[in-house]
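As structure tokens, here come the structures.
What follows is a pair of complexes built around subunit A, which joins subunit B in one and subunit C in the other.
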Partner chain A sequence: MSGFPEVAVVGFGQSPQVRETTGTTNGVEMLVPVFQRLLADTGLSRREVGFWCSGSSDYLAGRAFSFVTAVDAIGALPPIAESHVEGDAAWALYEAWLKIRMGEADTALVYGFGKSSAGDLRRVLALQLDPYLVAPLWPDSVSIAALQARVGIEAGLWSEKEMAEVAARSRADGATNPHAQLREPLDPAGLLDTPYLADPLRAHDCAPITDGAAAIVLAAGHRAAELCERPAWITGLEHRVDSPVLGARDLGRAPSAGAAAAAAGTDGVQVAELATPFTSQELLLRRELGLADDVAVNPSGGPLCGNPMFAGGLVRIGEAAARVMSGQAGKVLAHASNGPLLQQNLICVMEGR
Partner chain B sequence: MAAALAAVLGTGQTKHTSKRTDVSMAGLCREAIDRALADAQVGWDEVDAVVLGKAPDLFEGVMMPELVLADAIGATGKPLLRVHTAGSVGGSTGVVAASLVQAGVHRRVLAVAFEKQSESNAMWALSIAVPFSMPVNAGAGGYFAPHVRSYIRRSGAPDHIGAMVAVKDRRNGARNPYAHLHQPDITLESVLSSTMLWDPIRYDETCPSSDGACAVLIGDEAAADAALADGRQPAWIRGTVMRTEPTVAVGRNHANPQAGRDAAAALWAKAGITDPLAEIDVAEIYVPFSWFEPMWLENLGFVPAGEGWKLTESGGTELGGRLPVNPSGGVLSSNPIGASGLLRFAEAAMQVMGRAGDHQVSDARTALGHAYGGGSQFFAMWVVGSEKPGVRR
Partner chain C sequence: MVAAEAPLSAPLEVGFDYTRSLGPVLSRFVTALRDRRVEGVRGSDGRVHVPPVEYDPVTGQPLSEPVEVGTEGTVVTWSWMADPLEGQPLAHPFAWALVRLDGADTALLHAVDAGSTAAMRTGMRVRIRWAEQTVGHIRDIACFEPVDAASPEVPAVARPEATAEPVTMITTPVHLHYRHSASLEESRYLRGLAEGRLLGQRCPECAKVYIPPRGACPTDGVPTREEVELADTGTVTTFCIVNVPFLGQRITPPYVSAYVLLDGADIPLMHLVLGCAADEVRMGMRVKAQWRPREEWDTTLRNIDHFRPTGEPDAPFESYAEYL
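Right after this comes the complex of A and B.
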């Protein structure tokens, strides 16, 4: 990395994670208070931000250009340097990281937003599948996750009991997260007696449907220390994608996640925030990333307590960074994902100094 | 901190047309990619990352199609970034792909942008339903026509300027084998007698709806040096820029937006250009409706406000003129929306690489690629040159 500036997360803010937010169908209204608090927290003024980048999806809102109105949440006059990714805002963070590294900006504000309640999320996500051969069958997102969970169970990679333990642990942790949508603890004893939602997935195995938004401020080395007492320095930021052909993939694996983690360097990580909306996917990813048993996974409660689409990966980075910024952890890992069954994966490793 | 040098090593595009029913989206992209890799003489195993751009997903009816295209565009196992910045997206795709090299992350990056408009209906997708906007249902032309009328009123431009642009771009397009429309016999009279669609924009002054894709291979300094040593001229990227402003704001200048003026000023400064009209040899500018040529000539700072139409009227923007604009035929000859910006960027590169064929501008050493989108609010541009930048920023 010599010759290019180091980059750190210096601020993180998020909206409440809720089942249905008020406002227009793209949910852009959720961003305004998030921006206000985040800029106040970092002491950065709107006009100082060197680059803005967002992640969202038109299909969630059911309209073209749903990100355009998000520009109104910024107040982009005078004009701003800005870009947008169609996907989780963790990839917007990646684009902003590039801009800081190449010297185009010394600060960046990255944001993501999604109003899943605007449509039928399970069916909307089916439109990510092969449009010629698969999507016309409308395989919904929970059903294909069930196929993946079944593959893992049959292969002996995980069990329904272990899946229930992930759910119970997540919900216990989520009880301490003021932004979480689900904060009621689960009784681990009765979980396996509850009915299937999509065999072998039960309700507790699946993330709730969530509306939400989040934002992160990045800064270059010389600015980071001015904006934050203990920045979360990004030491590895990598992403990869796997084949979209579900029948050609080993669904018990996510090789792109493993490759990204290997490239990012995971040694010494104490906390991992994983964008796994199904309990089985957390078990899959733990193995794929090679996380040690003592790594705390999703201490925020994770996606199983609130899963704002297209902001969710950025929330994971923010939650992990927050543990560094607060001094609770020294080295952390965050994961983000796009597409069906962990097809595309991003790993962000951060540390305090 | 200096950005690393980056250069275009090769470009490729499809023959643009209204309906490519013989290929899937994957096949369409792959045609452009295969041509770009061949032009760059770069193999799949040498591509470190892929950036895909396209306009709204509703244009094809696939949510985040880059995911399902991952195998076909050679991204599987590699980093894949998806960009979406409205109509400027093709340009933004080039900018983001360049930044992957300029930030020192990768050595060779493939940028690909496409639109397969025949899969859906762009007019419908662009007519945003209530409650987001007024139910005009007139597509992009209906949105931009009032801006054109405002420009004509302010500048005092004569009525035939738009038709002149259409004649020039369509005749240029006839020299470009990849252009959707080939109309070598178009005349001022025929354009002026075509149907009025959105006053003052006539049918022949409007971009077509196209299926098409474009790909650009961007390499680092060592890769570009190696290409040059091998006798293949790279297009050195001398500067990139992106700027955004709101769709609607009190006092906003829709006909000459500040974001475009700011972007151009920043771009010229980055590229070390002080007199763009004298120093830019050829410009590929996003002109989907004829009148946007004089409007953008002013917005980009080639001429003072109110003077753009005079450069057009003088013939200065024709092939062989003082500043040839859109020798490829431009958006008026081909508009695969998501790819149109990257086509402008690629055509600018082709000019300084000397590979523009029958629409080559002689001795083109410095070229502008330009794209805009949304309600004239998103801008992406680059300047490329045949000479390696000697002094880094």
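Right after this comes the complex of A and C.
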């Protein structure tokens, strides 16, 4: 790929992750302070940003083109180069990365936002399923995650005890994350005595419902060093997809995640931030990605401590990059997902130099 | 600074009956459901897909060979729905399950009416409970039930008449419920309307006055803050004459929908201009708000019924050219 500029994450910011914001579904109230801090941190001027790209969903907002108002938070005059994906903002980052690789911009600001509290998230997410034969039954997001969890439990891939351990570890880590929605510790010993939310999932196995927003600044090689002391260089960025037919997949696996990781090159990663809103999915993905036991998974607390829809994957990339930018880690991996049950998976590998 | 009151919010109901046309594969599947049969489709590798897929997931080849499968099957995995949500197959607690029907190689997602988790296990045998009326839709399968259930066997209905038309369209109602919030700035404006006032706000950077005020100035990306009360008089910057009738229209065409630049504002509002013949409305025309009776006021721009001509001389083009 020589000839294409290298791209690095040079800044990351996020809103507080909260159960319910009083802001609008267009995200402006959450985004404006995030942009202001991020631009101040990087020293980049708003008008210098070469490309803006966002990820969100009209289904969360309950109205068409809801993302257009979010552009107000950018200040779009004089006209800007801007794009949007109806999906997790990690895919907006992918688009921005391509834009920089192709030499059409040397900086990009990528953002995502979601106000899940405006509607009923479990029902809204049913509408991402096949609209002919599946969505008309309204299978909610927690119920189908429970189908997947049972597949793994009964195949011996993971256990309810291991799932509870993931929950407890995530909360312990989330306690150190000032943006996390859930920071109270969980006592792993008592978790298996709590009632099922959707047998075999208990409340601690499921991410909370979260409102939130996040933003990342990307820069091409020659700009990255000016904007950041220790950029997180993107060495691999890949995404793959599995069948949307839930009953045709082995739900104990996510081959697309493994394929994306293999293509991105994960050797030597020390930290992995995984977009796994269910404990069982973290256990699945650890196996699928072949992560070594000493890889720190979701040291931010991960989605189980705060799961802003359509910003969550971007948060994972930001949290992982932040560990490179701060010098805490040399090589990190971030994962994002779209669709039901880890159907579509993106892997972003970054390193410091 | 404007004191922050809690923003206004209101229920937002979104509903639509989605009609979807079906290709040959799905048409065949739901037509069979109407006749209380299940037909899958054979994949390139010989496997039978239920639910059917239009293209082979491995080779990408279009698939067309129907294969009739059983109406009984085996639970592949399941979860328990203790508090069913609106629209789901059953209103009382039930299991979601992936069911592999006899003769199929993939599994169908549906509900199992098992009574309790104690009655559920992977590998259990279930059969289709058909809806009382079948129309050619996945919900012709009301749910599944355990094969050993006491419920009587549903008699097979008569096979389709030879003349029965295939189902080529499905209708799926979707109803979602939201709570829509106005921004703090919009809420201030809406509460002002309830008092018969037109409240804009000025951008701290470019000094432009926006009505309604905004969470972020679209030029500068910063929230508007300083409140500016505007007159209810203004200038028509541009307009159109509505000649086309549409659902919900409350005025008989022709009538004028116009951009009105309120005196002191830097962005026009869209509203009606009535009180003169449509062909008399022109760019630069001076207009004034015609408010509804005070007892009808609410937090809405409908408090202004329309704008009407004031009879003043037209505003010079230069005074509004920037706002076109």
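The rule is simple: the second predicted complex is superposed on the first by the 351 of 353 C-alpha atoms of A that agree within 3 Å, B and C clash if a C-alpha of one lies under 4 Å from a C-alpha of the other, contacts with A are read in each partner's own complex, and residues count from 1 in each chain.
Just so we're on the same page, contacts are C-beta pairs under 8 Å (C-beta built on N, C-alpha and C of every residue); 3 or more make two chains touch, one makes a residue touch a chain.
Since this is a predicted model, take the numbers as computed values, not measurements.
Of the two partner chains placed by superposition, only subunit B is touched by A:Glu238; subunit C is not.
Contacts of A:Asn345 after superposition: neither subunit B nor subunit C is touched. Of the two partner chains placed around the shared chain by superposition, subunit B and subunit C are both touched by A:Tyr132. Once the two complexes are laid over each other on the shared chain, residue contacts for A:Ser83 go to subunit B alone; subunit C is not touched. By the document's definition of touching, both partners, subunit B and subunit C, reach A:Val124.
In the superposition on chain A, A:Phe67 makes contact with subunit B only, while subunit C stays out of contact range. Of the two partner chains, subunit B is the only one that A:Glu95 touches; subunit C does not reach it. Applying the stated contact rule after C-alpha superposition, one finds that A:Gln181 touches neither subunit B nor subunit C.
In the superposed model, A:Leu251 makes contact with subunit C only, not with subunit B. Overlap of the subunit B and subunit C interfaces on subunit A: residues 24-25, 59, 63, 71-72, 75-77, 124, 127, 130-132, 135, 243, 245.
Considering their complex, residues 1, 3-5, 24-25, 52, 57-59, 63-65, 67-69, 71-72, 75-87, 91, 94-95, 97-99, 101-104, 124-125, 127-132, 135, 220, 238-245, 255-256, 259, 338-340, 343-344 of subunit A touch subunit B. Residues of subunit A touching subunit C in their complex: 22-26, 28-29, 32, 35, 46, 59, 61-63, 71-77, 117-120, 122-124, 127, 130-140, 143-144, 146-151, 154, 196-201, 243, 245-248, 251.
Residues of subunit C touching subunit A in their complex: 6-7, 12, 14, 18, 20, 22, 26, 29, 49, 51, 53, 57, 76-82, 85-89, 96-98, 100, 106-111, 117, 122, 137-139, 170, 172, 174, 176-184, 186, 214-223. On the side of subunit B, the complex with subunit A involves touching residues 1-4, 24-25, 55-71, 75-86, 92, 95-96, 99-100, 102-105, 125-126, 128-129, 131-132, 241-247, 249, 252, 257-259, 262-263, 374-375, 377-378, 393.
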